[in-house]
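Same chain, two partners: subunit A is paired with subunit B first, then with subunit C.
Then we have the complex of A and B:
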């Protein structure tokens, strides 16, 4: 391919001409700032953290990891994180998926709903946590309503525990998941479903055999991102939960090891394990996705 | 999985539920839609409403509505939390992040949208990686590094850590905007002998202006709302509004809830105004993944 048999029309030297054919042009220099940024502020600190997690006082480089897994208080954070993230992501997906499919091409209503859903994204977790403390608290409107209607006779505890954080994750992450699914759902042509219906497929069959396989790639990416968000739960776990108890997620542990115990190597260890767990979840989701839809639309994006 | 196709023997029964479904299915999706949206709206109104009402309440204990209303909490909160300094820091950080991010992201998005080259996939993954990793995962090592370099608790440190998620975010939003700019206009400019930098400055940038403005405003909103990373490196004099709010909420009990909520309302108002401006320039459904189509 690099033989240059096509008579070079311009007075370009052969090397740059050949490079240009492959897409290597001086214009690529425009990428330089972004590359410097990514290497300096993301890759290097990450590797620094990785190195730090193997910095130990003892002989074995793995002793931080050994300590993490032998200390029940540290080891337990994995379970506490998963216990919050998995139900939250499942609830969000079950709520958002039919909604996204239903909202395909709905025009003005879609626009209005999108705006409503974007609103909490921009408020951020701290404000939502503050609002949830008011709203779900013992004297808040939810408990007041339940008391007045006689459904309960004691205020139920929804804040400073697991439930408060679960609510916070669902409310903060639902909009983003919905918007992502919406943009993927827009790419699924409803005529396939109609065709299946014409040939007598039931609603269930249409969903599992037609829509879901077409949806699988987008669903897999969205689920992975939802897990990233749910794993990283941090301010709400501190504000709405019990950061020393039932909502001591890995994020809280990493923070407190670094900036309260000043044990930076252990903090880095927790952070690396968090990344590893996240990676594991993504691999699982992508594995599931390829089993769900082995071939469909895998070549679409090239 | 595909083998299961043959394992659905009651083919004769299929048309019957299908006829039935046609009436039932829209009912189900509609119900689900209304249910989920209703729940969401109730939560939103409850969360925002209780903060808003509390910020203008004289006293609010164990009743549906406050006893009386006042606006004095706003000035009280302003003084109590030293908001002049806090807002100054917040906008310094937000604007610096905005400028640096755009300078990095516009050229990168331009090349990524226009050109195929070896290792493009690798570079794209590298740029977008911070979006798919929990912030704490890289935030804690980066903050540790910034402390070691004595940059933590300073304004540059706060700005640097905020850049990490901002640049990928901006690149993601800008790529579809670049794709919309007609490439033949650039070619025309080049044919008439304009050097590359002039093509970029005189043709591409002006045509990209709406996208840049929208990205810029979204960046401002995002930086103002970004808590996790700022929290890790903010020192006593470099707290942004959202970090200040966090400390006030986490130390609730020492302060009156009304003044905390007054600060929360001011924070909310800033973001809502910026967002309203952003929507003048951007179709919100395009913010996520719209470029794929």
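Then we have the complex of A and C:
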């Protein structure tokens, strides 16, 4: 074949084939509605708000941010928000985690408890806040119980202050956190804990060395979600708290800038700072999670 | 060598993982044995006694009145179908399942009241149960870490155990990156690195493919011969039990049917159930005609068979005749006892021989092996030595 026609240089397969091999096919068009939706309802408003926060009367585009941080009344909202969100999230986690782990494979009881816990979610924040106002109020059940048992002589103030809002956050966010953790806990094979026990791990060691690391991915996502929810607290801060003082969260501040001061650029600035802080905390949580249990790139399975 | 308690014959003297790992690697250890591992390694016990161990789930006994004494260094297999209570027995030993009644003694120490983490045993699980968030090195070292073994010693012993299962190069991998066989070897390394007084194995080979299962079977036997670790091995596979164990315990519905060394169980099954489980594939229901001691004549339809029963059986009673397919020999003429005419129905090629299914004129189905290629429809006569015809009272179903 030395004198025969030289083999033609390997022709490139048609473009459509090469693209298909990389996963680019007409099927991708199915994503179009979702992309339009995300662009129109999330990306555009976000970018608009970002632009708005840099719209200033003065020369520096940062002057809104400078004003936020120089005004103690505005700057203070960060601490007031953190002061509510962090304890709320911790309390919820400490209560929900053991419950979720204990209820693995609880069968019937699991369903019943799930339904009961779903109830607060269905009520909505405003109705729940009104209810709590009575429940926690000076003549509410909590105070009556404490008075009747002789633990206190005077009704204690649990509404229109920090405590009312904290209770509200816990009650609204707990079901969500619990349900998420329950589904993650169900995915942890109890065989690992049994194996750890046989190999000499005490109950404490089993929890910290096996259960918690296996739980870490779900715990991190759930904590992030709970934090974002708690950080954005707005209706309960207005209805159950003291929106001009101790519960003036960033959400309340953004609302009053926008609809009481009509200073849209400053409202956008507060919103952007909220987003930035939430992002920062999520990054911290995910970082902590990867230290607790490094992600494994799962390779081939035999 | 350190003085050591006498151990079971098959294992020779128990040796440490380190000694054996050195042989595998062809190196010579020059360092003197460290003092703190002495009591760690001299935990070989004389005997492990299970006394009337019973475990009930609801109203049914998963395991009833299980009594056995296991000698130090012995390899014991619990054999039985699913629901026979073999895994229940293992979990009672490990402490993962509390007993309903009965006691477990390790020499003069009662252990059934201890939680699993205080028994000091090790276990190989059916699905391996390797911790997915830990790499191979940490998985293997888990037991030592929990038992507060100093770090340098842990590192050394883990390296030795990994060398022993030939996985030193995978020390940094995570379980998800290993093949099934590799995962099982890690699970075994994790168990033997502790040099525990007792290793529990719960169907460790059932998730592997046929070839790997054979390899790992040899591997487990070799490790037991080399290390002499007392092992309780649960399986539903009679080949595994026969090839691995020093002694086999056959269970049925939570009750022990027979205990014996493999050759005893294989050649002298004591009940119909054991015979069926251990390879006596042909089961023919019949009636006892007459008995002379253990020699028993049975009528199976219009067939007269002479067989051997574990004990004398009264004439007229129901009986089951059990015959291994291998023991039925194709005859061309000649006479003697136990001549069975058959019509060939199905012939399977089995490599060295053919596995044939035939039917007697009375409609009894028999499996036998033949060296010649028979064809469906052929008429043959097979014969069997009365020693190989086993007669038992029928297994009671309602128990």
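One rule holds for everything that comes next: the second predicted complex is superposed on the first by the 281 of 302 C-alpha atoms of A that agree within 3 Å, B and C clash if a C-alpha of one lies under 4 Å from a C-alpha of the other, contacts with A are read in each partner's own complex, and residues count from 1 in each chain.
Here is the rule we go by: a contact is a pair of C-beta atoms (placed from the backbone, for glycine too) under 8 Å apart; a residue touches a chain by one contact, two chains touch by 3 or more.
For clarity, every value in this text was computed on a predicted model and none was experimentally measured.
With both structures placed on the common chain, the touch criterion links A:195 to subunit C but leaves subunit B unconnected. By the touch criterion defined above, A:214 reaches subunit C but does not reach subunit B. When the shared chain is aligned, subunit B comes close enough to touch A:126, but subunit C does not. In the superposed model, A:205 lies in contact with both subunit B and subunit C. Once chain A of one complex is fitted onto chain A of the other, the partner contacts of A:73 are absent, as it touches neither subunit B nor subunit C. Of the two partners, subunit B and subunit C, it is B that touches more residues of subunit A. Within subunit A, the residues touching subunit B in one complex and subunit C in the other are 197, 200-202, 205, 209, 294, 301. Residues of subunit C that touch subunit A in their complex: 94-96, 115-117, 119-123, 125, 127, 129, 131-133, 142-143, 146-147, 174, 176-183, 190, 194, 200.
Partner subunit A is touched in their complex by these residues of subunit B: 1-2, 5, 8, 11, 14-15, 17-18, 21-22, 24-25, 29-30, 32-33, 36-37, 40-41, 43-44, 46-48, 50-51, 54, 61-62, 64, 103-105, 107-108, 110-112, 114-118, 120, 123, 126-127, 129-138, 140-145, 160, 163-164, 167, 171, 196, 221-222, 225-228, 231-232, 242, 245-246, 249-250, 252, 257, 260-261, 264, 267-268, 271-272, 275, 279, 283-285, 287-290, 292-293.
The residues of subunit A lying in touch with subunit B in their complex are 22-28, 30-31, 33-35, 37-38, 41-46, 48-50, 52, 95-96, 98-99, 101-103, 110-111, 113-120, 122-135, 139-142, 144, 167, 171, 174, 176, 179-180, 182-184, 186-187, 197, 200-203, 205, 209, 224-225, 228-229, 231-232, 234-235, 238-239, 250-251, 254-255, 258-259, 264, 267-268, 270-272, 274-275, 278, 282, 291-292, 294, 301. Residues of subunit A that touch subunit C in their complex: 189, 191-192, 194-202, 205, 209-210, 213-214, 216, 293-294, 296-302.
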